[in-house]
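Here's the structure, in structure tokens; my notes come after.
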């Protein structure tokens, strides 16, 4: 599969490891070891058997290719794993492996264990992005640039305000993901039909110890065919990815040749075109985010699961979830790099701000004149001046300054002061303060 | 549009009203009224103007068809609404309408207001479903039935356990939706580019009063191009819908002619086939839930929004969100009805349980014999007995009872007791208790 | 529902009518009339009964609100329609209505009839777009502009080449949609389980006449639970929408304030910002196209349908299909308008082409020098010249012209000729010719 | 990554190879070799250089891990591949590698080459499935079973009719996929911005030879940012997968313990439950099909691509397309196996048919009596008899036979003949004939 060619672009080294065959196998073996130990602790399995089982629960003793070949027979990898593990055991321990458990117990719990390692990889990059955005917001709180709506210039903002918006958005998504990690990593243990019948009266006791051993939360009852935990995790990953893609989209647009307000020093070069600075980090982030949206759709599509354990719905969740983790990790990694090294070209921001002769400040001029001329006359006068400014390619402020009507009411200096972008950013500083003041937790 | 033909099947009367043109328009007018009042309270707009504006903010004074025709010109309904509202005002108030706001402020805040009314409609039905499921769980905690995995019979469960699983799943989803209602209904107010520049230093003060007036939360800064609140609400609605569809899927399968364990007294009849009991409520719930999955995918697809306000992404969210509310409301309504009237046919459950001569209890037999015969011999003996039972269509317990090996070690009565389904439900009662004991909040 | 407020933005008047309740009801009645007539023609139903039935098959005689209220009972609108139609009939004809048919026969065939009217609405706009693009391609075949990749300027293209690409893409999609119209509009008629048992030996004969009467293709056998025709139609609509959104995306980006190469005279204005030209048509097209992607996903999600007629899957298709038609029609309508009125600002195209001092032509310079200097030395010389050009903000051709090495080998005029964008457009004219020469059919 | 553990379940050995890193790399190298040869043939590149390039175009000479590490730098694997290939060449050939091409040319053409090998793998399995279904349709054309709608029994069908429906559906999908293979496998070659400028006047000539050499179709012009070919291929794969999942869903439902009409001799067993026959092939097919629906959604989501070559949209297509191929191949493989070995239990079909005492034939009884009693009285009499039959658990025919009204008008033998399922299958045989007669091509 082309995964090796793409895994550095669409995953990270750490996430590739955390979602590898090896990791999944080890997590399944961790479940089997913990299950035996929990049953020994509860007293329904000899301690020696638990020790013997734990002793073999090391992924490197298993042949992943062979396990893979056998997965198609039963439809999931737990069956061959348990068979192979049993084969490694001394006689006395064999009857105690996987006692009371079903394949889904192993696989779901293993996935939860993998998430326990995988989510912090993403969370760490999100925190780094927040720190970089906070720095950008603080450093550029007064760096003026054009606000843009529907891809057209509007009134001015500061780049610090934009970075504060990125920060607030990533932070909300990161806090969500932390909440998911705390609340939705839940052990799965119910046996064939969710009753834990083979354990008689000891089912709940084993469940509790098992959850503790695996560092996972304990559910009220098995959740074999109600995969809402995975839906919450998946959709939160997709929300994270959207937050990252928002930054990527803004950066890519602001890196356009004709705009040039931001640049990425790690932009991809070209042998034939020395000027070319491809926004590679942004590109891969956008691609990864779009993939997560489809992958979480797959999770939803697989989420209506019938009876005690489902046909197909369960099986359709594994790959989308792993892919979702990889794509989100890649996006977080690319954006952590990009936000940390982003070059802000405040001169170009300033130049672009004046691209339309200052007509984006027409509203400010109107507010100044309205008390003197009345609202309607003020509006007409300013609108005419804007048209003149654009047609003659002269600053709006100069056009207005020539108007006898204007100069009859407004001092030239007042007019010039009012039509400065830095005087028309409203609550930008207050908003930046509010975002920066938010407790980082 | 075919909405009238389908709106009772794929919405509820209340939700249709809560997401109607009328409701949206009124919510936009509520925003304009609250904005004027907030600005009056802060002291930047005459109280008389605020009163004059509020006095006209009634949807019935507007022509929705005409507003709809004008929506395409500017791309959103806020522009014609503001124009029409202005036209209704006395001269002195006209200049004060919509002051400092942009179309997206009106529309997003209006949608949040609509959600404030719409989500409780769904929540109420979810609570009713939980109550019905709790009753089913309590009343049928000992009603034995076959557990089923991959559409094959497995060991026994009780219907109460199944209902407890439904309850726990719906409750988790409902609590999520409540959390969304408390945390993600956030006012939108930022003006053209999120600075509230026309309000000078008063932007944040107006924002606070406005949020309070509308009963919405106040954001750190405007969230024009970071629609994560809507993503969280949409994905939570889809999780709710999946939880409802899980019940629908189980019921529909258990209503199959050959299974007949559940029935819906409101099932759809047929003029030609008197026996036909179509599971209509389950059908419409499954259809509605599948739709929500696609609709939330649309929200994600629209979620990467550039710059201060986006081209297309924003506009692509309105219809999917409204449709998502309607579909989820329909699903909740259908399931509230179904769970309240569901007929449980415990005789058929019992009969089906014995459909395979009790071989689903083979594991229990093996556990009984293993201490006497050793694990391997016990397994072989029971497996052979199962084959005999199935081939000869005789109960497994009878086949085993005839075995000299078995009777040499196990008393006949012990054997019969062990192979009773009611003695092989493990922790089912404990799980039911845990679910029922959970605080309802 | 907010459909009236949005229906001009996210549908067209004609498509709204073609997918209205009224249209759906009439199409169902058309089916019932055609069925009676077909059965009369085959001789299994009295001609007088067929006439009596046809005489009542007019939508305006039915109360859509009442039909809608009853739809939820049986789960589809066909049941109340047939009941209401029967109520309108004289005694002698009542027993002959809907003979041998099932609800799905009515609804699916009605939807196919609606598609027969609805698809040409879209096809007509697509052909108009192709004509406009062909004109743009022809008129602007030599209008130079910057090619752009990954949002960075690359070597030059002409605007005619871009328009030819739009044309070829829309044409492929339109031809697909025509093929769908010719091949996938198939009558549905199978009765309860697809055997047409109530018609005895006459089932196939009636099927053939019915198909002919309705102007639909005749299937090999009923396709109640194999909705591939709808999947093909839906995915083709989404491909059409993507082709339209490609134009919208290009136009919106080229309308950016700083780029200004295209403009839309119908752009949305702003009362406060006289310079603002919002790309409304492009915006709504992008929003509509994104919606179709999700809607076709809903169709796929509903496409796995069990047994002879499915629970839920069938019911989940109606609204997404109608919405998909509306969104695609809106996109086609907006783009037909936009491409017909698009203003091409060739001066800005020329100015932007030189935004980076002509370094996008470095490759041409290198090709010129390589035969003289060797490939490596040519590359180094040109790369250094590019850096100088960018740093000093001087045209690359001037920098190169000053180089003694260059002037030793290349005449000044040759150099200037080579570094003209119009001499570096390769096969652009050939490609335009190929696209324009393609038979329009 | 967990691909090895899952690749036998969610791909086939052949498809895993056809979509492997190795295959992708080789296809990229094939492009480079063919490009050099085409340029040599056209006379713009020395034949010796073309030979030298071709000589190195073997995947095994490259280090895939190293290429993968470098992919993230430029955002796609073509850049490191070209660099590495250049490094293997003699001095004289180096300047001629990849001449005039851009990364997207290599990657898109390579993917098209891969599809050329990959699609026939799926097509072969589809043809095998059709052959098996044709055999089932022919062999079981008279095997009666209950028709089922909304998961409730309806009137009878034959299993042959069901198999004919599967066949027709798979065949339509297979023919579509063949059409895609013939029409949508199109070479990509446009250079940086689609003009092939570095080739001067020779661009189109090289394009034609290149297409021929690679066995791909020649486009009118480059399609860098109009990926409709991939959308058509992807959506057709998803339609194929739905057709396969329809069989899987039917089989899984008919394998239910209580129904038992079909069985899969390769069903997955269980150590503890000797009776358990898990429908593994059906399960994996359903899971795979659901995945394809999400994956094609990803392709659509990535399909709106701006300017000459897009940021992100292009990159987001590779993995979903490969995954879509693997999932569809797995589904086809599982279903080819299943349909070839499916065991039809006609006794259980017969028994289930009588599960409701023959009331599913009420319509036939009514038709018999209506001419004698009038339609209304016939309906009431039969309806009452059905209720009696169900309540007393006696065959409907017996209940009716006891009615004096019935026996006054209808001979006992006529009644019994009419109420035989085999006499109430309408056009089933005709439909089977039509499907079987369809030319296989």
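Assorted remarks:
Labels for the chains are A, B, C and D, by order of writing; each one numbers its residues from 1.
Methods note: contacts are C-beta pairs under 8 Å (C-beta built on N, C-alpha and C of every residue); 3 or more make two chains touch, one makes a residue touch a chain.
No experiment lies behind these values; they were computed from the predicted model shown.
For the interfaces A-B and A-D, the C-beta contact count is higher for A-B. If you average the Cα atoms of chain A and of chain D, the two centres end up 33 Å apart. In terms of their C-alpha centroids, the spacing between chain A and chain B amounts to 24 Å.
Those residues of chain A in touch with two or more other chains are numbered 148-151, 154-155, 192, 252-253, 272-273, 278-279, 283, 286, 290, 293-294, 297, 301, 311, 363.
Taken together, the touching pairs cover every possible pairing of the chains. Here chain D touches chain C in the complex through residues 94-95, 102, 147-151, 154-157, 161-162, 164-165, 168-169, 172-173, 176, 191-201, 203-204, 207, 219-223, 225-226, 228, 231-232, 235, 238-239, 242-243, 245-246, 249-250, 253, 286, 289-290, 293-294, 296-297, 300-301, 303-311, 363-364, 367, 370, 375, 424-428, 430-432, 434-435, 438, going by the rule given at the top. By the touch rule above, chain A contacts chain D in their complex via residues 1-10, 16, 19-21, 24-25, 64-65, 67-77, 79, 192, 248, 252, 268, 272-273, 278-280, 282-288, 290-291, 293-295, 297-298, 301-302, 311-316, 318-320, 322-323, 326. Listing the residues of chain A that touch chain C in their complex gives 146, 148-155, 252-253, 255-259, 271-279, 283, 297, 301, 352, 355-356, 359-360, 362-363, 366, 379, 382-383, 386-387, 390.
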